[in-house]
Each structure stands twice: as C-alpha cells, then as structure tokens.
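You will see two complexes here that share chain A, one where it goes with chain B and one where it goes with chain C.
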Partner chain A sequence: MSKIIVNQISKRFGKTQAVRDISFDVRAGEIFGLLGPNGCGKTTSIRIILDIYQPDSGFAEVLGGPMSAEKKAKIGYLPEERGLYQDVPLDRCLTYLASLKGMRDEDIKAKLPVFLEKFDLSAHAKKKTKELSKGMQQKGQLIATLMHDPEVIIIDEPFTALDPINTQLVKDVLDEERQKGKAIIMCTHQMSQVESLCDRLVLVDQGRVLLMGGLDEINDRFKTDEVLVKALTPLPSSIKGVKDIMPMNGNHKLTPEEGVQPSQLLKMLMEQGVALESYKVLVPSLDEIFIRVVEEGKRKDE
Partner chain B sequence: MNNILKVAKNEYTQHVFTKKFWVALMAVPLIFIFFGAISAFVGAKSVDTRPIGIVDQAGIITQTQKLDGKGGLFDMTIEFQGFKDEKAPKMGTEAGSLQGYVVIPEDYAENHTLTWYGNKQMTPEVQKALSGFIGQNLMAGLTIPNKERIEAGSVIRIESLDGSVQSSGDSWQRILIPAITGLLYFILVMGSGNYLLQSLVGEKENRTIEIMLTSVTPNEMMAGKIIGNIGVAITQLVSWVGLILIGALAFRSKLTFLSAIEISWATMGINLVFLMVSFIFTASLLAILGATMTETQEAQSVMGLMVFPVMIPFYFFVVIMNAPNGLFARVLSYIPFSNPLTMGLRMAFTKVATWEILLVLAVQVVFAGLMLWLAGKAFKVGMLQFEKKVSLISLLKKEARNA
Partner chain C sequence: MPKTSGNVWNVFKYEFLSLVKRRSFILSLVLVPLIPMLIIGGLRLLQGKDVPSIQEVFVKELTNPLPFGIVDESGLIKQYPEWSKMRFIAFEEEAQAREKTAAGELQGFYRISKDYLSSGEITLVKPEVNMVSELAETKSLGELIKFNLIDGDEALYTRMTNLMDVETRYLDVEKADTRDQSSGATFGVPFAIALFFYMLIIISSNQMLSAISKEKENRTIEILLSSTSPMDLFLGKVFARGAATLLQTTVWLGTILLVSMLNNSGFTLPFQLDLSPRLLIFGLPYFIVGFLLFGSLLAGMGAMAPNTREGSQYMMIVNAPLVFAYISINQIIASPTSTMTTFLTLFPMTSPIVIPTRIVIGILPGWQIAASFAILLITTLLVMRGVSHLFSSQTLLSGEKFNIKTFFRTLVFGK
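Up next, the complex of A and B:
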C-alpha cells in the first residue's frame, strides 16, 4: 500500500522550473531513494509533499489523502538544513519539538531517555545544543524525527557529519523503522548508502524524473557484459571472443564480442589457457549510473 | 494544549527562564534608581540649608517660623534666625555659620524692599521660604475671610460642554493614562516586538523553521510567538510596576500627590484595546520584516529604525493636546503606530464621538488583520530563504505566485 503518492507535480519559481511532472509513490515498509544532483528539485518535491509549497499542477497525497494537521503529527522530517534551538538544553529542545508532534508529556518523559540512550546522547542531554558536536546535533535531530513514531519518515542526507560507527547506527535504525512498516524517503548523495539501504529509487535532474525503479531492476538495466579479470600470467594481446582489453589498476577489463555472454567468455578464456586469479562480471555502481543518466539527460537537452 | 499555546509557552520560557532576562529586567530600574539617587544627592547637596539671619528693623516679625515643611521628598527647610542688629549676622555669614542675612528696613511698609547680605546670590529656595515667612507675619493677627482657602489655592474642575469629559485634576493627571498607554506601546514594541523579531529571525538562523512548518501552520506559529512575547512584556511590566509599588509604599508619606489621581476604568479599557490592536499590527509588520532577513544582527538594526514611527505622537504631544479634534490629531488616530497615544490624549482632552471611536477601532482592526494575514503569507515563503536576503517586494510577488 502506498503511503505517499506524488502525481505529476510541477512547480515554478519565477523563471526557474524547479519541478516538472514528477510522479512516484512510496510504499509501507520500504526505503525509497530520492536522488539527484544539487538543485535538481528534490527539496521542492519534499516541501510539496509536506504541504509547505503548493504545486502549480499535479498533487501529492500522504497517508491516503491531502496533508492535514493530524497527518503532520504522523510525519518525521529531517531536513537538509539541520536545525535545533542552539541556546537551550538538548532535552528541552527535543521535548518541545515532540510536543508539537502531539506527544503527551508522560510519553515524552518515558521515550526521550530511551532514544537518548540509543543514540548515545544521555550524557549530553542537559548541554546546550550549541555545545554539542555536529554529529551529536545530527543524532539529536534524528531523535526529533523519530521519537513520535511517525508512519512516514522523510530524511535528507541523514549521514552527513556522522563517523562510520554512527553511520552504521543510523543505518540500523532506518532498517528497524522499515521492518516496522514505515514508509521512508531518503535523499542522499552517498550512493553506497542508497545501494545498501534503498529498495527503490527515483533519480531526478533539472526538475524531472530521469530514472525510477527497484535497485535490482536498475542494475539489470545498466549492466554490461564487461568483466574484470586478474590474470596469474600476462594476458595475450588478443583473445578469442574478446573485443577489447583495457588495463585497470593491476586488473584488466575485458569487453566481450557481440553475443558472447560473461559465462561463455570465462569458458573461452580457460580453453585458451589463460590462468586467472579472479574473474568478476562488472556491474556499474550506482555512482556510475547516476553520472551516466544525468549526463545523458543533459545531452538530450542540448 | 493546542499548538498556539505550545509555541507561546516555549517562547515565554525561552526568554523568561534565563538569567540574562532577569539581569536585563532588574538593570533598568536599578539604573533609574542609581541615576535618580545621584541626581537627588547632587540636588540636595547643591541646596544651601544653612540658617539665614533676619534683622527686623520694621518690627513686622511677630510669629515664629513653621519648620515642618510640606512633606515632599526633596523639601528642604531653611531656618530663619532673628537678630537685633547686623553685627552678629554679618560675623556669622563671614564665619560660614549663616548663608547670609536679610535686613527688613523700618520703611518696609512703604517701600516693600528688603536687602540681602551674603557672599552669593539669593537662591530661589531662600526667596520662596522668605516670601512665605514674611507673608505669614504680615497677615498675623488680621482677620481675613477665607485666609486658609487663599493660602491653599483652588481646585479647578474641568468639564467638556456636553459634560462627557470631567476632570478635577491638573493637566498632568489627565495625560497620565494616555502617556502610560503610549509608553506601554513603546515598551511592548521595543521589548516584546524586538523579542518576536529576534525569535523569528532566530528560527531562520537556527534552521528550525522547516521543522516547525511540518508541525504547525505559519499562522499558529506566528500567533504563538506573538502571545508568548506579549507574556514576556507583561512579565517585564508587572515586575517593574511591582518595584514601583514597593518604592511607593516605602515612601508613601512623601508621595501625597499620588492620592489625587483619578482613574476612569472605562477609558483605560478602551486605551488597552487600542494598544493591543496596534501591537498586533506592529508585531505582524515585524514578522514580515523578519521573513526578509537572515541574521539576528539585521533585526537589531530594524528595531533601531522602529523607534521613529513609534515616537511620532510623542513629538506632537502638545499639538494633539491643544487641538484634540483637529485634522492632524484625527489623522494620527488612524495610523496604527500613533493610534494608542493619540486616541488616549484625545479622549482625555475632548469628547470624541462614539462613532469616531468605533470607526478608528474598526480601521485599526482591519489594518491589524490585513497585516497578520500578509505576515502569515510572507512568512511562509520568506522564512525558507536561508541564505540570501529577500526584498519585501519580491517576497510579496513570490507569495502571489505561490498562492
């Protein structure tokens, strides 16, 4: 079941078309990647979903209809522009933000210590926010995003300023939320995190959708038959079934001839007596797919 | 608790439950007391209270001097000492035990001329004390009808032609309520309005605004902030008034003039309504300005500029008092910045028609409502512009496009 439906939304600011005909949906129990270069329209799309901006055309539905005051309390949002009240103690700041999400005082008193403990912030609860490191503030903001147990979570660059240990902590928390059936939109430039966390994604550039689908589906769509081999002996200059051989960091990238599958190529190499230490079918990384799709989009525009 | 009250409560506690607030709060009366005490001390020291010699050659001094004074805070009593001839007072003046002496010549009844001998000019305090003392002695023994009444002066009762405005006090009593209303408005704008502006720009500077907008509506946030900051201003005022009352109670025997003040609760109520409506207008205007700014320092500069429009009626205080139903005073009544003091003064010095009071109020409500609505709109767009300053015109244009 879709918790968020974005249907053909467009938004223009003066001469800038920030978003044009963007559509996607986010289901319960999935992490959905909203990707794109800076200024591509991600934040505008999110603000339309959150009812901060009105779209010029199209519509966004959250939890089965237009946004309402009740639904706002069921959304957890971590914006790209991080913000906590700097001059107040962390626990007071989080208490206030949780109360605005409709949490009762007794629930806040019960849950806040648990979250502070989970994010390793108990010892810093009484400190003013401005006295905390960026990473700690980021974790504090994640508590504000999650403490009221939202059905929909929208997080923009959740791993910025986090060290590897805290990055893993946040990944685990997001995974937990997914297991609980939450619908999660994650915006990030860190493709490795998208690969390890997202179920589906949409790639946006210049306000329009360039690519959308499940991670496996996208990998399949962009995979090539190229293979990366590490040979035990020097490779011959020409190999039967191989169109091109390119050295790459002590390995070789082999491009098979038309119609030759990677499995066939391995067999052919063995038959030709090429001794191999490793053989790996090259799947383009999401980074590469991202760059390729964005550049193709620009070329089409030109 | 609804969101408006939650925002208001947070706004209030964030300001009031800090040491900084109370230090600033107490600093104002302490500074006043400090400078007042210095001024009083210097004033008291500058008045020469040494005795004055009287050489009465005319034989008119038959009554002893009353030394009880009037009981005012700074009333000084200067004692007159009688001498038979000039020798002793002259020596006393030279030695410094007397500040000087006065000779009442034999022909005083004809010439009405006294002669002051001293090393410095006769001060106004001495002149006043001497006049009273001579007058008292000249009238001694005479049967003058209503003598006490003449000495005490008359109470002048003031009434407008239709009898609607009545006052038996002096002018200063009549301007007291309007002046306090105007002052309250000034304090509200400079204190509470300033906190509001700082708070709104602070939301932007802290980047908390986007989180807030996913929890409350812009209007809820604005209303909460205005209410919270009015609460802050009321706390300030109550604290200051409390201190003034404590001071007044401590010195009540010296502040007898306070009992003469007459207060019309109905007029005060109308003044308060005008005050609150004008403040909502001003606060909303500040919110619109806050939406265009990115740093709290800019907000401080804007508050400096706000002093000018808020002070307008103070500059024209006398003009309004002299022609309360004149065109100028009427125009000022409709301008939200000058409305509280102008209307207060007009109602104190003339009969303002009920229809005009209602019309002025209606115009103020429309202005305030319009500004509040605009503030909510401008705020929604401008508050998410974190990096660059937004011009007011472009902000409103942007909103027009987004609406």
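Up next, the complex of A and C:
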C-alpha cells in the first residue's frame, strides 16, 4: 500500500519552473531514493508532500489523503537545511520539537533518554546545541525526526557530517525503521548509500522525472553485455564471439558480438582454451547511471 | 484567516519559558527595581533614620548645613529676620569671616560692597564649589536684602513675596481642566505613565521582529513548519512575549508600590504616583491590545525579512506613530481637550499610550475611551488577519529581500 502518492505536481516560483509534472509513490516498508543534482526540484517536491508549499497543479497525498494537522504528527522530517536552537540545551530543544509532534510530556520523558543512548548522546544532553560537533547535531536532528515514531520518514542527506561508525549506525536505524513497515524517502548524493539502502528510486533533474524504478530493474535496464576478465595467460589478439578487447588496469574489458550473452561468451572462452582467473559481468554503478541519465536529459533539452 | 493546528500552547509554553529563563530577563526583572532600592537603602543607612524623602536624600548629599557669613560694608543689612538666622551670621570684619571659613565653621561669606546700592556688587568668598547650596543661599541673601530695603516691614515683605492670592472659579467645573498647575505631579505623573507604556509596548513588540527572523536565520523554521502551522507559530510567539512583558511589568509595578508603601518608614517618591484602579483597569487592556497590534505588525515584518538586520531597517515605519505620540505628550498634558489630543486618543496606533496618560491626567470623556478601544480592537483584529497572510510557509522560507510595498499590499489585500 502506498503511504505517499505524488501525482503530476508542478510548482513555479516567478520565472523558475521548480517542479514539472512529477509523479511517484512510496510504499510501506520501503526506502525510496529521491535523487537528482542540486536545484533539481527535490526540496520543492518534499515541501509539497509536507504541505509547506501548495502545488500549482497536481496533488500529493500522505497516508491516504490530503495533509492534515494530525498527519503532520505522523511524519518525521530531516530537512537539508539543519536547524536546532543553538542556544538551547539539546534535551530541551528535542523535547519542544517532540511536543510539536503531539508527544505527551511523560512519553517524551520516557523515550528521549532511550534515543539519546541509542545515538550515543546521553553525555551531551544538557549541552547547548552550539557546543556540539556537527556530527552530534546531525544525530540530534535524527532523534527529532524519529522519536515520535512516525509512519512516514523523509530525510534529506542523512549521512552529512557523520563518520563511518555513525554512518553505519544511521543505516542500521533506517533499516530497522523499514523493517517496522515505515515508508521512507531518502534524498542523498551518496550513490553508494542509495545502492545499499534503497528499494526503489526516482531521478529528477530540472524539475522533471528522468528515471524511476526498482534498483534491480534500473541495473538491468542499464547493464551492458560487457565483461571484465583477468586472464592467467596473455589473451589472443582476436577471440571468437568477441567484438572488442580493451585493456583495463591489468584486466581486459571484452565486448561480445551482437547476440552473444555473457554466459555464452564464458563458454566460448573456455572452449578456446583461454585460462581465466576471474570473469565478471560489467554492471554500471549508480553514479555512472546518474551522470548518463542527467547528461542525456540535457542533450535532449538542447 | 489561516487555521491553527493545535500547537499554540506548545509554542507559547516553549517561548515563554525560554524568555523568562534567560539570564538577561531575570537580571532585568531583579536589577531594574533592585538597583534604585539598594542605592536609596544604602544612602539611608549612611544618613541615618532622619532622612524623610528620596529628594531629601539626594539634596542632603548636595547641600551643606553650615551657614554663610555676611560682611556688610554698605550698612544696608540692619535686621536679620528669624528665617535668616540659621543661614547667615554677620561679621564686622572680613578677616574674621575669612578665619571662620578657613576653620570650616562657615561655607563661605558674602561681602556686600560699600556702593552696593548703586553698583549691586557682592563678592562671595568660599573654599570649594557647591552649586546647590550656593544657588539656594544666594537666593536667600537676595530675600534678606529685599527685607532690609523695605526697612524690615514684615507685613510689606509678606505681600512682596506673595503678591496675589488668586482664586480660580470655573464656568463649568464638570468640563473644565481643574488640575493644580503648581504641582509637579500634574505633569510628572502623566509623563511617567506615558514613558512607561511607550517603553513597554515598543520594547516588547520590537522583540517580535527578531523572534521571527531568528527562526529563519537559525534554520529551525522548516522543521517547525513540518510540525505545525505558521499561525500557531505566530500566535504562540506573540502571546508568549506579551505574557513575559506582563510578568516583567507586574514585578516592576509591584516594586514601585512597595517603595510607595515604604513612605511611612522613611522615604517618598518625588511625587505621589496615582496607580488608581481606573488606570489598571483601562491600562492593562490597552497594553495587551496595543502590544498585539504592534507585535503583529513587526512579526509580519520578521516573516518577510530574510534576516533581523534587514527587518530592523523598516521598524521605524511601524513605530513612528507611537514615537509621535510620545513626543507629543507635553502637548497632550497641557491641552488634554484639544483636537490633536482627541485625534491621538482615537487613532489606534497612538491610543495605547495616550489613553493611560489621559486617565492619569483625569480629563477623559467616557465616549472617547469606548470609541478608541473599539477602533483599536477592530484595527488589531484586521492587522492580525493581514499578518496571517504574511505568515505563509512560502514567505517564511523565502530568502527574498524585504519589500515595504509588498508588506503593506499583503497586509491590506492579502496577496
């Protein structure tokens, strides 16, 4: 079941078309990647979902209908522009933000220490936010996003300022939330995190959708039949079934002839007596897909 | 008007507690009344229990109880009336007066020259400057000379010093300004009340601008908007600041009343403060609604301005009517029934300080109170409605430059 439905939303600010006919949906128990270059319309789309902005056309539904005050309390939002009260102790700031999400005082008192402990911030609870490191502030912000147990989580660049240990901690927390059936939208430029966390993604540029689908589906769509081999003996200059051989960092990239599948190519190499140490079907990284799709989009515009 | 989302109380609670827990707030709450009390108390301890008033505490510090000597070479001063004997001692020779002054038994001495009647020449000889006692005693010497110029005729001197005893009768006592023109309180008390309300409204409402634009500067606004409505933020903040100011005022007024009560135990204020129930009954609503009016306007500016600095540049446009009313206070006190005073009483952006001032003056028809409050209330509600349009998420998250035309257009037309 879709927890968020975005249907053909458009938004213009003056002469700038920030978002143009964007549609996607986010289901319960999935992490959905909302990707795109800076200024592509991600934040505007999120603000429309959150009812901070009204779309010029189209609509966004959250938890089965339009946004309401009650639904705002069921959403956890970590914006790109981080904001905690700098001159206020962390625990007081988090208590206030939780109260705005409808949490009762006794629930906040019970849950806040648990979250502070989980994010290793117990010792810093009484410190003013400005006295904390950026990474600690980031974790504090994540507590504000998650403490009220939201059904929908929207997080923009959650790994900013985090060291590898804390990055793993946040990944584990997000995975945990997914297991609980939460619908999660994640915006990030770190494609490795998208590859390891997201179930589906949408790629937006210049306010419009360029690519959408499941991670496997996208990999399949962009994969080539090229293979990377490491031979134990020098490769012959021409191999049956191979159109092109290109050396690559001690390996060789082989481009099969038309109609030859990688599995067939392996069989053919073995039959021709090519001794191999490794054989790998080349799959483009999400970074490469991202760049390729965005550049293709720009070329089409030109 | 945009809807609230039930978070007004949460915003109010957080903002109010944040304000009153601030060190600067606590210090101002305690120190503003405490410092003058400590100074007065300290002076009392140093001076002993005989000091009867604040004025006298300070005057006693400045005046010198020692008498002046008089060396009269003109032979004019033949009689010393009773009131002059504590202040002046006659000396035949200048050397004697000089010796007593050097010994610290006199503040100094006056030498009246031989040809005083033609030249008016008098020399004052003294060891150091004391402007207060010098002015007072020179005036007393003048009175002594006048007394002797009429050969010490007590009855004539009394008439000279009190040339007439005018009794004023009014055509219509009910309508006439019957204030005691000779009393300092007639001008002092209304002026103090005007200053008090002016400071109260201008300081508390001006804080609204920074309260809103700071949320934008520290980037908390987006988090807040994802949890609550802009109207909740606006109302919660306005009410919290109003409540904090009321708390501050209550403590300060309480202290003034306490000081007034100490009247019996030794010192008084420079004039009797008339904190009549009428002032409190009318002053409180005028402060609350006045604060809502100015606080809302400045909160609207804060919502539009990208930062506090840019918003502050335009603050004066909103504050101008209040400032004008304040600088017109002398006119209002002098002519409480003039057309200008009536206009400032009815005009909603000046009435919050003019009404309390006129209540203290005592000349204020009931219809003017009713009309001015109705106008103030309606204007405030309309302004709050207009400001609610400025409190849209789009305006709050926009980083655009402040535009005064857009501000007033949105305020009046809603877009």
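Heads up, the rule we're going with is that the second predicted complex is superposed on the first by the 302 of 302 C-alpha atoms of A that agree within 3 Å, B and C clash if a C-alpha of one lies under 4 Å from a C-alpha of the other, contacts with A are read in each partner's own complex, and residues count from 1 in each chain.
To be clear about the criterion, a residue touches a chain if its C-beta (ideal position, glycine included) is under 8 Å from a C-beta of that chain, and two chains touch if they have at least 3 such contacts.
Everything numeric here is computed off the predicted structure, so don't read it as measured data.
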| item | value |
| --- | --- |
| Simultaneous placement of chain C and chain B on chain A, clash or fit | clash |
| Which superposed partner A:L112 touches (first chain B, second chain C, both, neither) | neither |
| Partner chain in contact with A:L90 - chain B first, chain C second, else both or neither | neither |
| First (chain B), second (chain C), both or neither touched by A:I9 | neither |
| First, second, both or neither for A:L235, with chain B first and chain C second | neither |
| Shared chain A contacts, counted only where both chain B and chain C touch the same residue | 47, 50, 52-53, 69, 72-73, 75, 77, 79, 81-86, 88, 96-97, 99-101, 144 |
| Contact footprint of chain B on chain A as seen in their complex | 12-14, 47, 50, 52-54, 69, 72-73, 75, 77, 79, 81-88, 96-97, 99-101, 144 |
| Of chain B, residues touching chain A in the complex | 1, 3, 6-7, 10, 14, 203, 206-217, 380, 384, 386, 398, 401-403 |
| Touching residues (chain side chain C, partner chain A) in the complex | 5-7, 10-11, 13-14, 18, 218-229, 393-394, 397 |
| In the complex, chain A residues that touch chain C | 47, 50, 52-53, 69, 72-73, 75, 77, 79, 81-86, 88, 96-97, 99-101, 144 |
